[in-house]
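In structure tokens below, several structures.
Across the two complexes that follow, subunit A remains constant while its partner is subunit B and subsequently subunit C.
So, the complex of A and B:
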């Protein structure tokens, strides 16, 4: 992926001798080789291996002979109720975290874009969650939600076991997800806001547009490319979330927070069905690509 | 140019390959004079127990300069995930601490060494057959083997607030004459007064506890016919489920606040006298003994009995990896580590019951202090938990039984629904493992 994205455009001068071009190309490949090898070895290789595994009955055991089974894993996956419930939970999680993250981050970005006192400090503070690894965030929030010693229960005066309650566990982790992902969304939106020309607002003011109209008709359309980019990245990031939820709930209670990636992990490393888990990973990758493709395509069409 | 680039590519690939395999087989051939190195993955977590483990390893290393054991700390939370990865990657420790429910899967998958012909006679005879049964499994090719040395066992007891127990004037059960479930429920009802509850059932992880107690009415939950294992929930299995449910919702003698909690979570409320009895594994006595406020008096009562006093036994075990290069040395270390006196130390450190008969005779295991006498006496009721031998039990437990039992104890579904889901969904899970 990276390799194709960063590959420089081939120099094509119409009058150059054909031999020169091929030599240049060869040199370019030679120079790129050191960068390509790790990509092939550590990204493309495992990826292809994983895709291959998805069509076998591979198990993480010592005395099992792996054989090719074609689409058997996919058939089994599509008929498994726990896959669909995990998929549903994954979608609820990814969509709600992405949307809430976007709304909250947009608010924060607009605020930080105003000429406030201590704006510099506030901007730095807003980025703090970004500096924390997901496992640390998970541990920290587990303390917040702790049924006896947690700060949340003592603030509200309740005795709720947030992460163990069947109906509250998912909302509880969604809050953590929003909190975790806000900084990068905020920073990107803030950068976008600062790129909007001031003249547009001045013109709007002259025409007597209210604050709300200026936001709706100037800020949002101007921000559009940034919004499309950050929400799609956030969506991919969120649906692939693993560490945070693994630390918070391990998928419990009773599978109520079992995101697809947790499901795949359990299948592979707890129940040892490596082939099945690979198919699950592959299926999720296809779903993400499809959703993203559709979304980006629609956005592009509307902008045109 | 083409040759040059091809050479360069080959060099890079060779280099990368060399890096990749460098970690693997380095330590395979050691000269005879060099000491053999063994990794010992321990899951001890209580402070006293970690200390006892490390002390025994030190003792061994001093006495055996030719076999050096490295203590590796693991955690119960993720040991099985860790082992799957390590076994697959070929980096598993030589001596592995685990518990018997996990061994079945690893044994079938061929990762563990069959110890049948390696066990020293002394160790073999010091541990009763009932305990060996908890580690005897099908090795994946149809033959039975011994895949670990069982050393610590847990039984279920009732930890009770002495003051509330005496105030209720119920008969105090003894190891020889425990309560029946009826007496237990009656006692819980009597102790429910003045805002206090009789009993608390922390059921965050309800499966093992329920299944072990279900054996008091002969509830096995699994049956095997013609080599095929299926789930069964008949009258015997329903008995204990219904009784616990009744305490919660009919008698209202069980504290509802404790229901979603882990085993040790209700202890603060227990010290405050919010409920009188806490059914728990024997190990929980350690926390009560250490944390209870001054002047808090507590006793250990034997678990209730149904048609029998039997409980399902699960043991902690030490196993040897199939791929270990020093299996014989590892066996010698295990034989030392689990001899009578050492098992007594480990049992004391973890507040569990030793399997070794000589360790169980140790005066420290039979003292009345902290209920050791009741705890040790309950060991005679331990029988192999039937679910130990079920391939796929772990998945059944996580995916089916845990949510179903949690919902049942939360009064969200009826016992008929429990039976139906445990059987229907459960059989589907088990089928994956029997192909």
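So, the complex of A and C:
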């Protein structure tokens, strides 16, 4: 009797799933929608569109019949001497800036981790480049390198037009790259250093390990995950660098500092070869992924 | 002995980090006559603020600063408005969406901008948004969004869900409990995200360069780069002064979040 009476009397079932999507899921999508639309429309969409463009002869002009050309852009790219010179410059730039940045930042982080006076000054100074707009950094260094009114020539007693010199322009912008990217790397490494348990060093001291051995056998291995993460990120940021170098040299003199992104920018917006420039972007993305993949894979295998 | 070498190294770092900054400041305070000297001086003999007033007198620079301010305000407010609900959803209903969002943040770091900016330019051209400030706002919102979402969902996660449940027990509707309970606790996080979005837009150069080709609509970073004309040296002083002023918003931002940089934010960001 009671069983039959209770049966229809269950009106409230909060987590019922009658048909299709639950109320919770609907609510979630509704909340996500305002953010999802612009990301899909202006970011995911263009990315896929851009990958598609790489296989067409699209021109960055109105009224151009675009047609599918397969791998023609890639073939053209790989046989272009100016692409290879830009690629070589990009690699020299990205690898040397990343390595120098890392070495300089590690040194500074180790010093900041010691109990030294004036540490505060260095700490603040180490963050300032981070807080500056990239354009202002570029303009500031142009003032430093300025052939007439610059301080560098007067310090060294030289008369060099640093940013217009064929062999010195690339080293000159590498210095700026290191100066610009050092802060992030230093802050991250310092955070990593402070996370190393003190007991490890105490144990090392008891065992009579020298300072150098303690650095080599405790600090570096403990810091390894942080080092791998920050150098990978630095490499990606550096190879994709555009604004800083555009402000400093615009890729000159004679293409000596024309990083791949500046090359692609010129192809796309000066000569308006949208398809060709997209292929260049795609090729660079693949190179970056390959280098990163190899690096991370080797690191993982070594730690195992 | 070891201490001495450590201090020497620290001094070298301080010199390397500081000398371009000192030179920028020194250039900004010099008269044109002193700038033209064959042997440049570190400390200006007759320091002057004329360069700063000159920069304010430049129609181009003032206009560009006003436009930059408008773009940065609009994009930071819009970014926060549309990422708040999404951040709430990401923090409260975990699962697939969450992982996709994180994946997107990573992908957007690795892919070269050129791959996105060419088609984006074409889309904006079809929408008649090239050479317009709303066009730039759209782009800035889209590209600040992933990181803003990431920041905000962290702040939402820090608000215990139990608080909302307690409000629900007291008879508050969901919307009411969000407005009355969650929102006040989120305020500091919202301010931090607003500032971050503002600075990203204020400093941004690449997208502005592609989208704004008409000098009448250019933002401050673009106008600064175009500023030194054929006169060269004579205008370096005002350029340095204007560059310094363009840095002020970021410096304020970094002064505010400095504490967080040292501890929480970075430590959490790296652990992963």
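The rule is short, and it goes like this: the second predicted complex is superposed on the first by the 265 of 304 C-alpha atoms of A that agree within 3 Å, B and C clash if a C-alpha of one lies under 4 Å from a C-alpha of the other, contacts with A are read in each partner's own complex, and residues count from 1 in each chain.
The rule is short, and it goes like this: contacts are C-beta pairs under 8 Å (C-beta built on N, C-alpha and C of every residue); 3 or more make two chains touch, one makes a residue touch a chain.
Quick caveat, the model's predicted, so the values are computed rather than measured.
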Partner chain(s) touched by A:60 [first = subunit B, second = subunit C, both, neither]: both
Partner chain in contact with A:203 - subunit B first, subunit C second, else both or neither: neither
Partner chain in contact with A:130 - subunit B first, subunit C second, else both or neither: second
Contacts of A:192 with subunit B and subunit C, given as first, second, both or neither: second
Partner chain(s) touched by A:253 [first = subunit B, second = subunit C, both, neither]: first
Which superposed partner A:296 touches (first subunit B, second subunit C, both, neither): neither
First (subunit B), second (subunit C), both or neither touched by A:148: both
Touched partner set for A:75, first subunit B, second subunit C, both or neither: neither
Winner by number of subunit A residues touched, once subunit B and subunit C are compared: C
Subunit B versus subunit C as contact partner of A:43, first or second or both or neither: second
Where subunit A meets both subunit C and subunit B, residue numbers: 27, 34, 38, 41, 60, 62, 148, 269
Residue ranges of subunit C touching subunit A (in the complex, touch as defined): 3, 6-7, 9-10, 13-14, 16-21, 23-24, 27, 35-36, 39-40, 42, 81-83, 85-86, 88-90, 93, 97, 104, 108-123, 125, 138-139, 141-143, 145-146, 149, 202-203, 205-206, 209-210, 221, 224-225, 232-233, 236, 239-240, 243-244, 246-247, 250-251, 253-254, 258, 261-262, 266-267, 269-270, 272
Subunit A-touching residues of subunit B, taken from the complex the two chains share: 1-2, 4-5, 8-9, 12-13, 16, 80-81, 84-85, 87-88, 105, 108-111, 140-141, 204, 257, 260-261, 265, 268, 322, 392, 394-395, 398-399, 402-403, 406-407, 410, 432
For the subunit A and subunit C complex, residues of the former touching the latter: 24-25, 27-28, 31-32, 34-36, 38-39, 41-47, 49-51, 53, 60, 62, 104, 107-108, 111, 114, 116-119, 121-122, 125-136, 138-141, 143-144, 146, 148-151, 154, 179, 182, 187-188, 191-192, 195, 226, 229-230, 233, 236, 239-240, 242-243, 246-247, 260-261, 264-265, 268-269, 274, 277-278, 280-282, 284-285, 288-289, 292
Subunit B contact footprint on subunit A (complex, rising order): 23, 26-27, 29-30, 33-34, 37-38, 41, 59-64, 82, 147-148, 159, 161, 164-166, 252-255, 266, 269-273
